[in-house]
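Below: the structure, in structure tokens.
Should a chain be cited, it is by its letter among A, B, C and D, assigned in written order, with residues numbered from 1 in that chain.
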Amino acid sequence: MRTMPATAATPDALAAQFAGVRALSTALVAPLSDADATLQSMDDASPAKWHLAHTTWFFETFVLRDHVPTYRLFDERWPFLFNSYYEAEGQRHARSRRGMLSRPTLDEVQAYRAAVDKAIVEAMPMLPAEALTLIALGCQHEQQHQELLLTDILHHFSVNPLEPAMWPGAAKVPVAMPGPIGWIEGAAGQVSAGIDMPEDLAGFAFDCETPRHPTLLPPHALADRTVTNGEWAAFIAAGGYADPRHWLSDGWAWVQANRITAPLYWQQVDGVWTRFGLDGRRPIDPAAPVTHVSFFEADAYASWAGARLPTEFEWEAAAAGADPRSGNQLDAAGPVEPRPSTGGPAWFGDVWEWTGSAYRPYPGFRTAEGAVGEYNGKFMSGQFVLRGGSCATPRGHVRASYRNFFYPHQRWQFTGVRLAKDL
Amino acid sequence: MRTMPATAATPDALAAQFAGVRALSTALVAPLSDADATLQSMDDASPAKWHLAHTTWFFETFVLRDHVPTYRLFDERWPFLFNSYYEAEGQRHARSRRGMLSRPTLDEVQAYRAAVDKAIVEAMPMLPAEALTLIALGCQHEQQHQELLLTDILHHFSVNPLEPAMWPGAAKVPVAMPGPIGWIEGAAGQVSAGIDMPEDLAGFAFDCETPRHPTLLPPHALADRTVTNGEWAAFIAAGGYADPRHWLSDGWAWVQANRITAPLYWQQVDGVWTRFGLDGRRPIDPAAPVTHVSFFEADAYASWAGARLPTEFEWEAAAAGADPRSGNQLDAAGPVEPRPSTGGPAWFGDVWEWTGSAYRPYPGFRTAEGAVGEYNGKFMSGQFVLRGGSCATPRGHVRASYRNFFYPHQRWQFTGVRLAKDL
Amino acid sequence: MRTMPATAATPDALAAQFAGVRALSTALVAPLSDADATLQSMDDASPAKWHLAHTTWFFETFVLRDHVPTYRLFDERWPFLFNSYYEAEGQRHARSRRGMLSRPTLDEVQAYRAAVDKAIVEAMPMLPAEALTLIALGCQHEQQHQELLLTDILHHFSVNPLEPAMWPGAAKVPVAMPGPIGWIEGAAGQVSAGIDMPEDLAGFAFDCETPRHPTLLPPHALADRTVTNGEWAAFIAAGGYADPRHWLSDGWAWVQANRITAPLYWQQVDGVWTRFGLDGRRPIDPAAPVTHVSFFEADAYASWAGARLPTEFEWEAAAAGADPRSGNQLDAAGPVEPRPSTGGPAWFGDVWEWTGSAYRPYPGFRTAEGAVGEYNGKFMSGQFVLRGGSCATPRGHVRASYRNFFYPHQRWQFTGVRLAKDL
Amino acid sequence: MRTMPATAATPDALAAQFAGVRALSTALVAPLSDADATLQSMDDASPAKWHLAHTTWFFETFVLRDHVPTYRLFDERWPFLFNSYYEAEGQRHARSRRGMLSRPTLDEVQAYRAAVDKAIVEAMPMLPAEALTLIALGCQHEQQHQELLLTDILHHFSVNPLEPAMWPGAAKVPVAMPGPIGWIEGAAGQVSAGIDMPEDLAGFAFDCETPRHPTLLPPHALADRTVTNGEWAAFIAAGGYADPRHWLSDGWAWVQANRITAPLYWQQVDGVWTRFGLDGRRPIDPAAPVTHVSFFEADAYASWAGARLPTEFEWEAAAAGADPRSGNQLDAAGPVEPRPSTGGPAWFGDVWEWTGSAYRPYPGFRTAEGAVGEYNGKFMSGQFVLRGGSCATPRGHVRASYRNFFYPHQRWQFTGVRLAKDL
């Protein structure tokens, strides 16, 4: 997880939020067998079972163990298995070995979830404010893992030659191809970005979004939509992956070493570009936003298109007035994927948008104390900021100041591209 | 698999053998969940599910597909998944990715087994002799995989910190510690080794055991039992793993690179040596044969003990008169492990015995034609011969001329050590 | 190289600059044998011979080949050997194989240098302005390689157990230990940073320094000197390398994987910390600036000290009024190393100072066209900016707006640490 | 080195042998610069300078240090640098870092050689028999390194795109293409192989050749010459490198992983096969023996040709009557390479012939005690025996019982192929 203390809503609202978040996780894994939920196809991804248990471990450890004196651990051996990178919480099972945990079984993990849920609900009336805050944090934490659970299972399934579908595909509604990109002129000059840590129960932010602080924007414009699959296919056809002039040096090395020629999950079948998704393999939809591209690819595309990526502050200023609950985000179990745009500029949902901003601390940023807050600052090297949430982000989780971050070669998330240019 | 054409017993005996072998595989995996059966902890080992399907693929391909014109494949996509290294049979799923096959499920694989079994039994009365021979070969092939299935699942479970037990352990019967090794003088001079390919239905051999040919033995003696856990603990205590003088150069590099300090699955817990087995973690039995040691360790131990390993021909000459169905071999599902010796010299069962013989062809050896026989000759570089079968070898599978082979660093099989010396 | 077109001084001044730069390279390698000059101890570093030839290739290619029609290449096979990462100039010899070039010999490379120098001097009166600009650029390029030549040879020599000294050490003048760090309050609010590309002959800048643009600085203070060896030894003694709380996640992984426990070239000999330098191995000088530390180490030290690293703009604003030719920089051949501070705040020389700023383009940055300008933008991922030059930077090369950059784990340059804090 | 104690000739003969061997090493490196002599292109190969120093270290250590009380080491730091794998002699410089030793210089190493030579010559009249034996052993040791020096420098030069020639090529005398292979029937039944350790001054053997012992040969025939470059080109043209049926499993993996399509140093230039040799790159001579092929290639060729490799005992029996000083072996500095056959069957010289025999101890083999004899037995896993010497083997070094050995993928030695078949 990547968090720090935060305030939460009213106790009743918190209880409802807790119930809703926990139920969604269970709904998401309904199509998975125990074996499906045990798979780990690469070190970056974790088994579904692990996500279910790790998010539960968070509540058990930081709420029940620390704030409910009578609580007894569900299984004393499990914290070693389901701690992630909380160094302060001690030793943990090697990340690359998570896929070896056929035991505990999925049923046992679900029983763990039920037991912890019950204990939390029972304890909630007696918990101090600090513990309630931790429950709110745990909900945010679990929402992050819900997105990872979906992107991870997609990856696990992708390496099985049978390419199983998690859910049947929805019927596609034909949509008119989007027209050329329009440019939205952004504010220039001094604007505020980030958020101050909310102090009442109605707000939430991760530490890396704080503090709110002034930034300077140059004269610029942002595209009114993200790049589509159809546009990306044109980039491929134009030799974009074979021309080093468009690529960062590290990106070119990555392309060469991994023989990258298309977005992750794309394959050309009988001359037609297809993609693998949670509903199996299907032809790409040329009108839909391209996804599963790395920062390196996003940057190269922008260079090829004579544009650049937006900075995270340009993006935040543009999205500041939009409804963060709008757009194609995750509401319930079922196939999710980016969908063609059907209206005006959309800032939230569909795909995380790579920005040109390295993930670094804001002026005045402070790392929180203790294990729960241990984690955002320590990732601040080598990664780039993404903004806006995706089709796999639980609705309600993201906001204009929200900073996601990944290494420039990673692309198993629902990541896409919006262009920007100087004016 | 590692085989070539062979003859088989009478049709009735063959049907009984087929039924028995197939049933044992099913019995062995009874304690495993779908997730357990999907695990792959290292490239050398395969998932239990894969063993079940691969052995079935053998019958489906070489018997049903090739000899039953009306047969339709159970699933056309599966041969790609469950072919192993039969190059002649075309492309196959990467070995290192076998652990990603949560689909097909264990139930689907069992249905595959049932369907193929039914088709074989129905077809058997009409099959030509050549196909019956392939059924006999398939039974031998499946027996090899039964042993691998057990050693592989042991390895898969060993990397789970919970160290699950496959079966509850049997009660240990206290046994008197064996006395010092006795030496059995072997025949010197010209003796025959190997076997000629049987031509009637009552025999079987793998191609690498052929042809029978003369060999010369020097004056020598073999130990009357294998090295025990207690003796191995003394080797450790004497610094055997830290003294390069006892080790082959490649072995010393392996020890250093992998920080080897004890047999695989050994751990010192509160000053007591324990081992992990199919019944979980328990203290070592000092009277039982040491197992899970590599050739490098076996050779170093022999050097430390002032002895050497036997050649495969010395071993074969000594074992020629013993009953190959005797000793601690696999009869049924349940925990298996090497057991203390309770009588005179035993040549079969308990542990495969590393010999000092590189695995190379016998004079006059010929590789068989076609896919089924493709395989023994191609492994004849870099490996060493083991003799005698183990506690995990299905009773009836092994014989005095049987040559097993592994690389000198491998030790996840039930491998042990018998000493030899020049006279 | 990392450059783009630039203007240069008057023709006479340019000729003098060219002569001076070229002569310094020759002087620097005077103590090296042909074999010394052939060594390559790691992929990041290049042989001295290669530096001599590559800088010459630059003049030969972009000035003589492109602007002197009668010029014939010194050797047609050498451009393949001595091109570096100019993709537009075609194939090139693998970087990791540069240490295999015992041929051409050092004498042959010196003859190459002499021939190209002669051709340049003869051609200079007839060259168009564009070519003169390229000569100026080539001088800056060669100055960058002079610094690399020194840091690379130091690394090459460091892996020889004999630890050869390049030059005898200078007699050390005892210096009073510096007192505690003083804090200099920096300007807050909007300040300009960067530089516009000079258009007359008197200026020079690399493209990544452009354009000059407004930035916002928070209230802050910078230390009045860099961290010393003595202070670093205290960090080590306090367990700084063993406490994950101070380290970025990637940094901690680097420390663990490489067993980092001290700056590069430090060794504890009989309880005394020593360092290897161009004058061999000697005890560290506790009063001198620490050097050969990575960004990860710099960041961890700052965290341990309750401070942070400065941003590149905070640094630039503070250094804007200082003389960039001041401080301990490279003037001539001879041992160079950071020296204890002897006066007020020094911004230039001694050690490159890691900043907390990721190396990314300034607003409005444009990549120049063509091979010569191909290169700064493409390195703008994953690296951090360093400021101020070092004891190995040729005097006159650096300026307040100068941006050096390396990956956060690299530390074979003369890199050091200045602390900053929020006010 | 790979040796054990041995006897030597008369003192005068020994002095002459010592002088001759030492002089040849010096002559061989005459064309090399200090930088050439410092190169190390792969871990398997060592710098020429290192060979010169290591062979000298042998004499200094085991003769002078151990037997001449007044002797003082030439440089106390050098034994660490120039010990090779004599574990008993203590720590040593990492093999993969030998190419970093620009210091000591080639001149300093030559001075070391001269000083040790002088000390040996002066001491020889007073030395005990044991020390004289060690001098004889040191001569054999140095001869082994003379061959490695040549094959190593060939490899070092091969990775320089300029492909320097060590010596100018000799004028090629046109030779008639050899006719088809003729088959020489070998003795069948019991024959003796190996050699007993000579006890007088006139003999020499390495421990791995001992003891002389009976072996059994099957009815067989050997080719009357080795395979030629022309025949190998036909193998390539027939798709030999692309058909897995001919390859050992490990060999096929090696071919695939390293994209092997021809012998080492072969390149197709404008449709013509060329090879790189000590006289530079030239077209292959179709009549000359193929060389620089691995065991894997040799075995695959034999399979493709419907034959097999000889065993080491078949080879030894056939060569037993031939003059081991005959054939194309190393006499003096100058380009060496395999030459077309001009007469009857030649068993010695031209190319080392891969046998199908794994390198394992003979019955009754004993490892000698102490550091000097530490070494042959420890290499007895994973390697194959080669017989007969090559064009780079100093004449007088090899004999019918001589066993050379390399891993099956190695091919930078002058290695070739003779076919065998069963009768």
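As a convention for this text, a contact is a pair of C-beta atoms (placed from the backbone, for glycine too) under 8 Å apart; a residue touches a chain by one contact, two chains touch by 3 or more.
Owing to the predicted nature of the structure, the values given are computational and were not obtained by experimental measurement.
Inter-chain spacing, taken between the CA centroids of chain C and chain D, is 47 Å. Distance from the chain B centre to the chain D centre is 38 Å, each centre being the mean of its Cα atoms.
Shared contact sites, meaning residues of chain C that touch two or more other chains, are absent. Chain contact topology: the protein chains form a single closed ring, every chain touching exactly two others. Every pair of chains meeting the contact definition is listed here: A-B, A-C, B-D, C-D. Listed in rising order, the residues of chain C touching chain A in the complex are 85, 87-88, 190, 213-216, 218, 244-245, 247-252, 295-296, 299, 356-358, 360-361, 363-364, 374, 378-382, 384, 408, 422.
Across the complex, chain A is touched by residues 33-39, 41, 77, 80-81, 93, 97, 99-106, 156, 159-162, 164 of chain B.
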